[in-house]
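Two complexes are shown next, each including subunit A; its partner changes from subunit B in the first to subunit C in the second.
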Partner chain A sequence: MIQLVDLSPPDLPDVHIAIEAPDTVKFTGTITSRDPAADLAPFLKRVHSAVVAEGLRRVNVDVSGLTFVNSSAIRLFVDWTTWTKQEPDATRYQLRFVSNHLVTWQKTTLMALKSLAPNVVTVA
Partner chain B sequence: MTTRFRPRRPFDVQTQPTPTRQGPSTTALSASRDAAYDRHESGLTRKQGLSDMRRSLDLGARAPGRSSQHTRPPSQTEDYHVLVQISSEAGSALLEPMQAFISAYARGKFRAKVAERVGLATWELLDNAINYGSISDDVHYVLAESRDHVDVRVSNDAVPARLAMLNERAARLQHNAAGVFMDEMARSVQGGIPRAMLGLARVCHEAEMQLEVTVEGRRVTVTARCTR
Partner chain C sequence: MTEAKVKDSLVDREGGPLVRMRFRPAWAYIEGIREFGRFFCETTFEEPELAERARLIIQEALENAVKYSIPGPRSELEFSISSDGKDLEISVCSTPAPEHLDMLRRELATLNASAPEAAYLAAFERASESNDARARLGLARIRYEGAMNLSLTEENGGRVRVTARGAL
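Up next, the complex of A and B:
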């Protein structure tokens, strides 16, 4: 069984991704590529699968250092929320976004995600 | 009879100093430009490479002006200045280098919040122009400022159905940007194709910019404006 901490994040030019034990995925930088899904969606899917396999009840998604994302990148977080929502009760986990309230996209987008998936998303 | 000019270079970039505010130093701007273009050099597919673009920027080369048919100039006032204007063939290779360049330029030019808004509007408006516009003519980008406002303006050709949709969506956004943003996020949660409206909704709701859409024939110009 592959655990979350065993995953290797993609090496991308503008965004740094780190996995911090036991349950944190941290993003730093910006996501401005034209098709971020090509780079990031497979990795996030592996994260989701590892979290479910490990039986973790919560994942901290630290985006406090993510200063800008385009709308295509927002869709990645939306997709991740959707995967989590679709899990049965026994394996569903919480997505706890660690945010910086001074960064505009985090205030608006994360609060919107929380409104749309209150049983899955929390914002710290 | 309208004379159409198609620049020989894939990018034609003009940057102009503004007399109302001291711009970034030449060294800083060059460094930002170089860093931005170096990073995206591998993504450029045009035959003419970075050297031509750098010459255009360094010399402040003026591309012969486009016909007014293609871009509608804003109402001119004494303190309204075009800072950057770029014309390019519509294509995805345009987007990342331009957004990187404009973001770096804006960070040196404006306070942080305004630079953030300019960067967001630049990306979202250009992305829509490339994704949903017609490739029959160039995409034209303008960054301009007045004493009180900063404008991001993108012009492109579009098919009639798209023009009608854009007008309708701009009206909805002007009426209730927050509501439209939530609607688009909800639709994204339900899945489906990427939505142009989410980008425009971000410009209005997240960046708190006023949006204006003007149509002239098949040419659409979307302007996002914020206060300085």
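Up next, the complex of A and C:
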């Protein structure tokens, strides 16, 4: 079984992604590429699958250092929220976004993600 | 911010353009123009939060125009920033493919029919229910996160101007 901490994040020019044991995925930088889904969606799907397989009840998504994103990048977090929301009760886990109140995009985007799935998304 | 903070020497009180650029619709230009626009607004209006709003508006407006512009030599973007000392206006003029123009008309009509926050949340809801990568969150972000009104003007030769206007 693949565990979350065994995953290798993609190496991308403007955003650094790190997995921190036991349950944190940390993003630092910016995501403004034309098609961030091509770079990131397969990795996020692997994260989701590993979390479900491992039976984790919560993942910290640390975006506090993610200073700017385009709407295509936001779409990735919408998809992740949807995957989690659609899991059966037994394997559904909580997405806990670790935010930085000084970063403008996070205030509105994380509020909207929480409204999409109030039982899945929390914001710290 | 207050009007008094605007640098008089940098603002045309008649609302004429402070910045105007024309360029081919290439993705490679977006980051540079976005960051210039942020710097420009921070320097002119001395308001970091406004500069962040401008950064987001420029990113989303230019992305939209670049993605959906027709190819070829007639395809040119015109980008401008204007202010009369009370409002900020950011506009992008482009020549979109006809099918995109229809989509843009519908999208703006839908967005403008709802309050900004409601339209923003509805755009997230729609994105969560659709596999279409073009979930069109960008315009909803301009309106809500950017705190701007959005309008569309159709000009000669199939050119359209998307204008975001809001208080400084």
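Simple rule for what comes next: the second predicted complex is superposed on the first by the 124 of 124 C-alpha atoms of A that agree within 3 Å, B and C clash if a C-alpha of one lies under 4 Å from a C-alpha of the other, contacts with A are read in each partner's own complex, and residues count from 1 in each chain.
Going forward, a residue touches a chain if its C-beta (ideal position, glycine included) is under 8 Å from a C-beta of that chain, and two chains touch if they have at least 3 such contacts.
For clarity, every value in this text was computed on a predicted model and none was experimentally measured.
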Subunit C versus subunit B on the shared subunit A, clash or fit after superposition:
clash
Please indicate which partner A:R46 is in contact with in the superposed arrangement: first for subunit B, second for subunit C, both, or neither.
neither
Let me test your reading of the model: by the given contact rule, A:R92 touches which partner, first (subunit B), second (subunit C), both or neither?
neither
First (subunit B), second (subunit C), both or neither: which does A:T108 touch?
both
Once chain A of both complexes is superposed, is A:P13 in touch with subunit B (first), subunit C (second), both, or neither?
first
Taking the stated contact definition, name every residue in subunit A that is touched by subunit B in one complex and by subunit C in the other, in rising order.
32, 34, 68, 70-72, 74-75, 78, 81-82, 104-105, 108-109, 112-113, 115-116
Using the touch definition from the top, list the residues of subunit A that touch subunit C in their complex.
32, 34-35, 37, 68, 70-72, 74-75, 78-79, 81-82, 104-105, 108-109, 112-113, 115-116
State the interface residues of subunit A toward subunit B in the complex, per the touch definition above.
13, 32-34, 68, 70-72, 74-75, 78, 81-82, 104-105, 108-109, 112-113, 115-117
Subunit A contact footprint on subunit B (complex, rising order):
39, 92, 95-96, 99-100, 103, 113, 116, 119-120, 123-124, 127, 181-182, 185-186, 188-189, 191, 194, 198-199, 202, 205-207
Interfacial residue positions of subunit C with respect to subunit A in the complex
27, 30-31, 34, 49, 52-53, 55-56, 59-60, 63, 67, 120-121, 124-125, 127-128, 133, 135-138, 141, 144-145
